[in-house]
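Order of writing sets the labels: A, B and C. Residues in every chain begin at 1.
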Amino acid sequence: MNPSVETLRATFGSAIGRAVESCGDTIVYVERAALLEMMSWLRDTPGQQYDYLVDVTAVEYRDRERPLELVYNLRSLERRADLRVKVELEPGGDLTVDSIVPLWRGADWLEREVYDMFGIAFRGHPDLRRILMWETYAEGHPLRKDFPLRGRFSRAEQVRQALTANPEAHYSLEELSIAAAYDELPPDMRERLRRGERGKIPYSE
Amino acid sequence: MSKRTVELELATPGLDAQGRPARLPLAAAAPEPERLSESGASGEHMLINLGPQHPATHGVLRLVVELDGETVVRVIPHVGYLHSGFEKLGEYRHYNQIIPLTDRTDYLSPMANNVGFALAAERLMGIELTPRCTVLRVIACEMSRIISHMVWLGTTSIDLGAFTPFLWAFQERERIYNLQEMWTGARLTTSVTRVGGMMADVTDDFVAGLRQFVDTYPKTLHEIDRVLTRNAVWVGRTQGVGAMTAQEAINYSLSGPMLRASGVPYDVRKDRPYLDYDSYEFDVPVGEHGDVYDRYLVRLEECHQSNRILRQALERLPGGPVNVADPRLILPPKSRAMSDMEAMIYHFKQVMEGVKAPVGEAYVGIENPKGELGTYLVSDGTAKPVRWRIRPPSFINLAALPKMAEGHLLSDLIAINASVDIVMGEVDR
Amino acid sequence: MKRVLETKEVAGQSPNYLLAKAQDLVDWAVNSSRANSLWPMPFGTACCAIEFMATAASRYDFARFGMERQAFSPRQADVLICAGRLPFKLAPVIRRIYDQMPQPKWVISMGACASTGGIFDNYAMVQGIDTIVPVDVYVPGCPPRPEGLLYGVLLLHKKIKGESLFDRAARREEQPLDERGLRLPPEQIDEISEPFGNSIHQFRSA
């Protein structure tokens, strides 16, 4: 068991859930409210120094009773230690988690991929859009277990929708302020845009 | 552990196109990239679209570039044009059936991908490999590194206007292809591993052929080195272009040659050894400036080091069985399956039901040519994984492209994009 | 079963021997030049593109078959070689490239994924590019060997040499999308995209 777990528990108390070991890796479950603060602590505290974000992904189990898990793989290049942090989410409930892009820029595309494939939204992400499927993709989030392998629509309908998608979408300068493709966006995305969750223009530090 | 920073005699401060020594280490305050702006253009920006079908984007990457004159203000990559649903498909396949899928993610280094997946599945099931299999897998990984770096060299040199190295590199690839074909029957989609062993043992001809390759390959590397490393055009177009500091490289989660070119001496083979890499003698080349030129030098030197590992592996290749002696994991020979009742039952169970993995999860990272290829497997006790996650090195490396290209010229963007060494099959999966 | 009810004399259309010979000569000249200097438009997406590159490189060198110049612009290309899998996200792109190519144009579908979807029978993949653009030659394999691609190119040569400028039926016409935005009727697309093989295990998770 990784000694970081004990230190974490001492620092964050009840926000740290159970810790288990699997195939030599330590997995620690945390509350989502404490996630950002805890990640920041793990990265910056001397003696922890988990400075390298290996991966961000999610897991949904075949057993529908089990919660959706958001998985962060952290590594300390200096100390050569690994830690896997998990956040449990209710598949039917609120799927919003704090983004860790402010800590690691490398999380940018990884979180977009999790959003695209699982529908988990990241609060504070600078440019939360679909990344692998196209923006107007209407069938859902492919890696969820209720998504059938061959998609929800018939093949002909899939071909039709694909061919009618505009390959020149996002060409205009306005697109950079994410306004041009507004009419093509699915309603939920438009709703979020209206509430201003989309944040600033991508890559515009 | 023997460490580490190898003195690259190639990485002596080079000359820029004007013949001046022009390089500062990144730590010394590097001058701001010069922003060329055309006075007549009145600050009007222009958007151009590169791809998804463009010869210099190495596949179906699409870049929307905002330009001020010829200077890149912003790059927005659009990926996903080759999204094939690998990870979803993996949830519907037995562990051994996933191995052919791994060939097709990073199709420039298929054998290393096979090894990465097999190692993760074996850690999940708690399988110890035989000594011969371990060495054969090292050989597979290093052969993959060589062919992948050869494609990188060939296509990047085409992007920067040198055609000849492409032909040389592809000749070497054809030689490795012949060896792969001798071993697995396929040139590209090898599927060489199985959970608990290999798909086939190598023949004596293969060993002789590989030995001959190892002896003659450095000659080509030296030729490429002679043509490119001190070439004024090459140097002028790569030095000081697309630099990342070590701090930024870590923050962007870069891995592989991209990370090492920025001066972070991190190599999975040394720091989290898998197979028996800790017993080989090889050096990890580390760059100093983090620019395109250093990435080139690092990759070139890695080819030499791979050759060195291959040589050691050939010397130590032990005899004995390739597969673990467990009939529940490894298919019996066809002749026995046809005549022996017990063998037939095992054969049937493996083909129809697959190999069951215990409940749990495993992450194994291996040093692929592009960077750290992670395989994260979650099992719920059945023969098919609940989740098969690939940590795609070139996807994560590519995410740093907007940062690297900012403020450079449009033509430099091509060089920077080439230096990331992306392969879209893996970026999009 | 068809029954011939009456036969009718067709008046005055007996082919002129000399004219036919002249037409043959023109066809031969035009088709040989077309077939022997095809400019390929490599639409390389995945693994097959690597084998395509190997075919273009030193050992196999398809310049020997008149394909020296690779046209990376569809406007100057004769044959579209789709090398690799084609996800739905890429479907409008290949359709646009096909539309941008001038007549006469041909399409080679290289590899199992381009031809049928291959092992990717899932939500993301077009099940054969013939649901989107008309295909002349299918090259099987995963990926095909360079020899396979060269054989496909030679088959295309054969096909081109059999075309005629004067026979309307054998001439190639534009094949635009219909008002539904599809190239084929939806039922046909569904039928083409049916999974093959008899294993139900491949669609069963655990």
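Quick notes on this one:
Throughout what follows, contacts are C-beta pairs under 8 Å (C-beta built on N, C-alpha and C of every residue); 3 or more make two chains touch, one makes a residue touch a chain.
None of the values given here were measured: they were computed from a predicted structure.
Relative to the centroid of every protein C-alpha atom shown, the closest chain centre, again from C-alpha atoms, is found for B. Using the mean of the Cα atoms as each chain's centre, the chain most removed from subunit B is C. Each chain gets a centre from the mean of its Cα atoms; for subunit A and subunit C, those two points are 41 Å apart.
Centre-to-centre separation of subunit B and subunit C, using mean CA positions: 33 Å. Averaged C-alpha coordinates give centres for subunit A and subunit B that are 25 Å from one another. Among all residues of subunit B, those that touch two or more other chains are 80, 83, 85, 88-89, 92, 380, 386, 428. Contacts with at least two other chains are made by residues 89, 93, 122-124, 203, 205-206 of subunit C. Subunit A has residues 62, 133-134, 142, 147, 149 in contact with two or more other chains.
Subunit C meets subunit B in the complex at residues 43-47, 49-51, 53-54, 57-59, 72, 84-85, 87, 89-90, 93, 97, 119-120, 122-125, 142-143, 145, 201-206. Those residues of subunit B whose C-beta lies close enough to touch subunit A in the complex are 45, 47, 49, 64, 66, 74-76, 78-80, 83, 85, 87-89, 92, 123-124, 126, 250-254, 264, 266, 271-272, 360-363, 365, 372, 374, 376, 378, 380, 386-387, 389, 391, 395-396, 398-400, 402-403, 428-429.
For subunit A in complex with subunit C, the residues that touch the partner chain are 62, 133-134, 139, 142, 145, 147-151, 154-167. Those residues of subunit C lying in contact with subunit A across their complex are 88-89, 91-93, 95-96, 121-124, 126-127, 131-132, 177, 180-182, 186-187, 189-190, 192-193, 203, 205-206.
Those residues of subunit B that touch subunit C in the shared complex are 52-55, 59-60, 80-85, 88-89, 91-93, 100-101, 103-104, 107-108, 151, 166-167, 170-171, 173-174, 177, 187-189, 352, 380, 382-384, 386, 424-425, 428.
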